[in-house]
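Shared chain: subunit A. Partners: subunit B in the first complex, subunit C in the second.
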Partner chain A sequence: MGENGQKQDIVTLTIDGREVTVPKGTTILQAAEAVGNRIPHYCYHPGLSAPAQCRLCLVEVEGAPKLAPSCITDVQDGQVVHTESASAKGMRQGVLEFYLANHPLDCPICDQSGECKLQDYVFEEGRKHGRSREPKRVFGRDDFGGDVLFYGDRCVMCTRCVRFMDEMAQDPRLTVVERGNRSIIDTFFEEGVEGAPYAGNIVDICPVGALVSKDFLHKARAWDLDHTPSVCPNCSQGCNIDLQTRDNLVQRLKPRPNLDVNQYWMCDYGRHRYEWMNRGDRIEAPLQRGAGGHEATDWPGVLEPIFTRMADGAAPVRALASPFASNEALAALVYLVQGLGGGEIVFRSPRADEEIPLPGFPKLTRRRDLVPNRRGAELLGLSRVGEEDGTGGLEELKDHSGTLIVLGDDLTDLESDFGAHASLYLYLGSHFPPAAAEADVVMPITTHAEEEGTFTNYEGRVQRFWPALQGPGAARPAWLPLSLLAAHLNGTTPPSGADEAFVRAGELAPEFQGLTYESIGTRGALVNEPVTLPGGKLRS
Partner chain B sequence: MAYPYTHEREVRVLSRGFGEPATRTLEGWKTLGGYEGLTKALEVGRESVIEEVKASGLRGRGGAGFPTGVKWSFMPQEKRGPHYLLCNADESEPGTFKDRELMRWTPHQVIEGCLIAAYAIQAEHVYIYCRGEFFETNQVVARAVEEAYEAGLAGEDILGSGVSIDVTVHQGAGAYICGEETALMESLEGRRGLPRVKPPFPAAIGAFGKPSTINNVETLCAVPHIIAHGGEWYRQWGTEKSPGTKLFCVSGHVRRRGNFELPMGFPLEDLLYDVCGGFEEGRTLKAVIPGGSSVPFLDADDCAGCTLDYEGVIEKGSMLGCASVMVMDDRTNIVKQVRRTVDFFAHESCGQCTPCREGTTWLSRILLRIEKGKGTEEDLDTLVDLGKQMTGTTICVLSDSAAAPVISSIEKFRDDYLALIRRGEAVGAG
Partner chain C sequence: MAATVKVMRRPEAGKTSYLRATLKGMQLTFKHLIRPGTVTVQYPEEEPEISPRWRGTHVMETHADGRPKCVACGLCPTVCPANCIRLVGGEDDMGNRYPIVYEIDEFRCIFCGMCQEVCPVEAIHVGVHFENAEYTRERFVYDLDRLMEQDHPSTLLWDPSDPRSE
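After this line comes the complex of A and B, so read on.
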């Protein structure tokens, strides 16, 4: 495209005295947001259509007869916009007062308190005292089915939930009934959103406490939650999530916007599978098998005897890994197996019968692979065995007589005689299953919620996650003990951190080459795709 | 049978069939010169039709008073798909009852106007969106449409001209807001009647996403006469800026109430004291709402010298609207009148926009409290302030309509409010 062509697509306007240059077709609200000026709004949501009905985002546009709804008004060259003028501010204050006229103000018992847009906006710009002396309208509470509870009195009638079900889920189960001040969101049928696979998103997009999660109900206050950027581990889509924790427990998963992966959404299947991250029956110390069973020791206590035993012999080695393990852990395992003379590494991975796409954005699909890192495992040369439900496939491994390494697989379908014939059986896991009874050494490892690392999703997007919880006792990320063992065998130095462990994965799988934690960032990066590094360097 | 309450100062152009059961039929309508306008329109061509309507200066009778010919010329000249003509017959503003009469006495006048307008804007389909509560009217119009089809006046190849226009009568489900043009389109398309954000305007994206023109029943009824007799002929009545005749729906405390067709610019006082026979013995004029419940009040002083054309009423601080003249004498409790009006808007607000959804109900509750003698003087400031917050801030003008009578009544009849607030006394007997 020539320079002239580009110029036509760019619009320069002034917002609150500041010049802003944005592409044509941008709305005033988006343009303001681009320069850090967040215009208050309820009905507008970037992932949905904009009905311009909340009337909170009205701004003054010089030359326009009335205040303009910034969410649907396109920018124009030379436009002069005021978001803080007396008329715009007065308007917002007025609209906020209208919202409060019937709002129950039950913030002390409302789950949204602390992350409520009504609270925020009124605190920022509302009147100090409401003028309404009239009795408030009462709707009460309604069970919308599934995980969703509806508190009608708190609703601001933004209709985001209705539009999500219409436009994204394309399963219109919600509607506005009645009109005027009696308008209320309701379900068409008794079951409400029960069984709708993406219904949990309506709780996320509700700007107030009208739609709340039953699972999270009264569990924690928003301001007590810690937020950690992470990746949903419950299928190979790799939805970006915000892992919200309190008191070292995961309280809920919320989608984290990533337009390339999950937009603003995530499925209920993934959202509601976090309890395993909070399991209390964890292995807290390295265990060494002695005459009387396993005994707790420390890391040198387990690693040093293995150094000795590994040095002894060239026993054939086989390994089983879990596709819940990070790219870093899997790469470290590959290095270790190579150091031991090489051998087959397999993984087992449950697959669902069907995919569950989000019709409004079908790229977001609950994938059939119900594990986060199948693609990463395959890129690193691991092969899948076993049944569709993630069991079986270990007949040979079970009676393997050489060195046997199990990383992360819970071995739930196996008995305590698993690995009984192995000359050396290393089990790395977060929980102690019966099938680890014969392990010479059990090493406690952290889960993805407790460590830094990366997963590779179904399309080959490498995405980082950060530690949200403190791992129990002496548990460490699996890449660490594996790397120490491999380094000892290979006569190299172990990686200094997860970032270096990842870079070393690139030496095993060319697809990872050139990617670094820095270039992956919080949005992820596709394997073997050029990425611009900070400073403008282009990686090929 | 003469239509009740006729008066010699009336100019009965549109209403000349009122009270004559015969004009409900095609045959009866033809004896009054029916379908001459359509025949002529098809002869002179659609551009000439638009020019003639422009020349007549006909302005929209639904309330806004927008020049009809100009509105038609907004339609795309080059057709790229279907065009629609919508006849807004969802007459539901309290105090307005002219379209109902036009439809039930002269259904063919409506249909003929629709066909000419549809021809002018190259529409192949006319939807007459009729208010849900007008059961009888609906049937009368539907029967007339059947007659028109049978006579070859609607449907395929109208009068052998090669022009085909279908006519559908659509019965609404009873919502005032569906009289708002874009809410009407939503309703017609089968959705909730929620006004759309404009732009885009209907001439670009209207019903079913296609270019559409929407006209009031009375506007369309004037069209056949204009085409048959010419724009200049129509201008013999009315003023330069507001030509023609207009149906005035008079209700309230006058001796004769009803529809009166008068030239635009008719003096309001003549309407009240002459045409309508004035007030009962001993009663005096207190207030007039000149254009339906959504416009500001005129007090007795304003009424003096007020002429009933679009400009004349604006000069006095109100609007002609759809010319629904509600007359109140000195017995009237203005606070109660305003509260009941606001109640109506609160009930009919679609609930989309926050200022309207919350504001209409809030206004009505404060007014009710004042009416019961429990108001305060601060309430009056609150009412005016809320009213201002509701004006010009929403998608459609229902919110403005609810606020207008509140603000203007506090301005003009503050003493009535203060009497209730300070002494608990209602001015007027109720």
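After this line comes the complex of A and C, so read on.
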């Protein structure tokens, strides 16, 4: 769209009596959406081509011989559009009645119920009672492979799924077979969409309950779910997601549109890795190691002894962080290590063998780094150690005799004698691994689903996430105890919240300088300095 | 605005006879003593007749093969103002959606009957029944089996010949 301000590129038209000014080339549907008038539609999706076949977005354009499909009709200067006129409304009502002629109306057992566009449109404008007396055609349900289940009777033939596989995944596996009212979506081969890495998106874009997720089948009703904007933590792409929760459990992840990062999509790898956020065996209270093992205490009970022990003298410090920690937590750790006299901070992160790009939008790629904040850790001066599977690399830490701090790393490959030589061993984690047995103090921290914070994705885009779940017991965001310890050492005041903790990260890394929670917003903001992309290109 | 005070005239003590009022009351008493027909219901030997629109403890309707009619759509826990219904949906081996867990806490229930009204498959009903005594509090959380075993008639929420009360 041309936005150079030249007169011929700007079009002014009237939609339902309101004057709208939009760039040339905009469709009527998009122009109406810009002024908050949502024209009903099925086949149009902003990320896909528009075949104008659902016939639901027909609007009256003055001077045109018949109703025009607003999703493909470009705006023209002086155009007068009516979306609520008798003919447009009557047409929508008629089209909806045809949709319901073969629809099974099984809303009580349909997973889409509550977020179904057919339900919404019929409730708003449809007829109260159907007039069709013919028996409905019945297809039953079909397993499309992967996570996708197809209920043919509910389908409205918008072909969004077919077009997604053709245009975005560029792996045509679905098509329309048969004609007329027998037409139906089908797979070419028996395996269906099995193994297609982005196939989960066809469930998201299906406006009705024809394509549903097997993982979510009968799990929760759409209206029971709480929605929290978040960032996918499963690779360094940092797809914007909607964390959908119920009863303090994550039920499913859905992509949240962000044209700069993931458009409207996310990969199945990230989508299906949420169970770890629901893990139950959490550390619920700060633990202090005594003669008979760890004993639960409260936060002052663990922090005050550390204050005194840290004041004793400057032992050499080594720290291990997890790249699942937020920028705030990592910055607080850096401050603490600086306060203790400085030392090396390392992190371990697993790397996949290959990237999985989405061909229709190659910027969206399942990145090789399977952690959300590798970039943030590197900007804050942490260095990566260990193998490609996220293990090893801790030989120096194992035998370290000074102060040892572990933040969030599960230490799965280590034995229970880890840290036995350390004079002070602090473990901050959400779960208690065997390798924390020697820790003097274990502090319970929240996961990214339970706290507010930011991640920095592969290209240096800082993105915020919000708390979706209630953390267990006395678990706190990792930046909080770390900042308290650092503030005590450095003689400063600890940050009052995650937003201030992030601003303080800017004092450590110039890349974060000037960024605030407000300026990052829900869309994210790029860090200041040019960063090197995996392909070697520079981006400012 | 000035408040108006209504002055009540009370009979003065010692100056009023209560004889007339007493006789009037006794007249009614003796009338009932000799009137044919009794007022006392001989419960529990005799069951009192209660209204068909009485809303008592719940009944779950079943199919002929013994499965519950419930399809676990989740509307009754959604509409329930007392939040007394717990429902976990699932899929049985025939591919039908059904309730794995369906529990109603009858102590929490306020017997509004909205669960029956909202049910799209006419599965859950409030019942014409009032004898609910139990020995433990736990027994008042009715699970699915208990709800299906209830054999009392279900409530008529409206008159079938006049559903809109016209």
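In the analysis below, the second predicted complex is superposed on the first by the 523 of 540 C-alpha atoms of A that agree within 3 Å, B and C clash if a C-alpha of one lies under 4 Å from a C-alpha of the other, contacts with A are read in each partner's own complex, and residues count from 1 in each chain.
We take it that a residue touches a chain if its C-beta (ideal position, glycine included) is under 8 Å from a C-beta of that chain, and two chains touch if they have at least 3 such contacts.
Remember, it's a predicted structure, so these values are computed and weren't measured experimentally.
Colleague: If subunit A is used to align the two complexes, do subunit B and subunit C fit next to each other or clash?
Modeller: Once both complexes are aligned on subunit A, subunit B and subunit C fit side by side.
Colleague: Go through the superposed model and pick first if A:223 touches only subunit B, second if only subunit C, both, or neither.
Modeller: second
Colleague: Once the structures are superposed on A, label A:423 by its partner contacts, choosing first (subunit B), second (subunit C), both or neither.
Modeller: Touch partners of A:423: none, neither subunit B nor subunit C.
Colleague: Should A:14 be classified as contacting the first partner (subunit B), the second (subunit C), both, or neither?
Modeller: After superposition on chain A, A:14 lies in contact with neither partner.
Colleague: Is A:69 in contact with subunit B, with subunit C, with both, or with neither (first, second, both, neither)?
Modeller: first
Colleague: Look at the residues of subunit A and decide whether subunit B or subunit C touches more of them.
Modeller: The partner with more contacted residues on subunit A is B.
Colleague: How wide is the angle at subunit A between subunit B and subunit C, using CA centres, rounded to the nearest 10°?
Modeller: Apex at subunit A; the opening toward subunit B and subunit C is 90 degrees.
Colleague: Touch check for A:519: first (subunit B), second (subunit C), both, or neither?
Modeller: Touch status of A:519: no partner.
Colleague: Between subunit B (first) and subunit C (second), which does A:51 come into contact with in this model arrangement: first, second, both, or neither?
Modeller: A:51: touches subunit B, not subunit C.
Colleague: Looking at the superposed set of three chains, what is the minimum CA distance between subunit B and subunit C in Å?
Modeller: It comes out at 26 Å between the closest C-alpha atoms.
Colleague: Which subunit A residues come up in both lists, the one for subunit B and the one for subunit C?
Modeller: Touching subunit B in the first complex and subunit C in the second, no residue of subunit A appears in both lists.
Colleague: Any idea which subunit C residues touch subunit A in the complex?
Modeller: Its residues touching subunit A are 71-75, 78, 89-91, 95-97, 120-121.
Colleague: Show which residues of subunit A lie in contact with subunit C when the two form their complex.
Modeller: 107-109, 113, 141, 217-219, 221, 223-224
Colleague: Please output the residues of subunit A touching subunit B within their complex, sorted ascending.
Modeller: Within the complex, subunit A contacts subunit B at residues 51-56, 58, 66-67, 69, 72, 91, 94-95, 97-99, 101-102, 131-135, 137, 156-157, 176, 178-183.
Colleague: Which residues, counting only subunit B, touch subunit A once they are in their complex?
Modeller: 175, 177, 192, 197, 346-362, 365-366, 369, 382, 385-386, 389, 392-395
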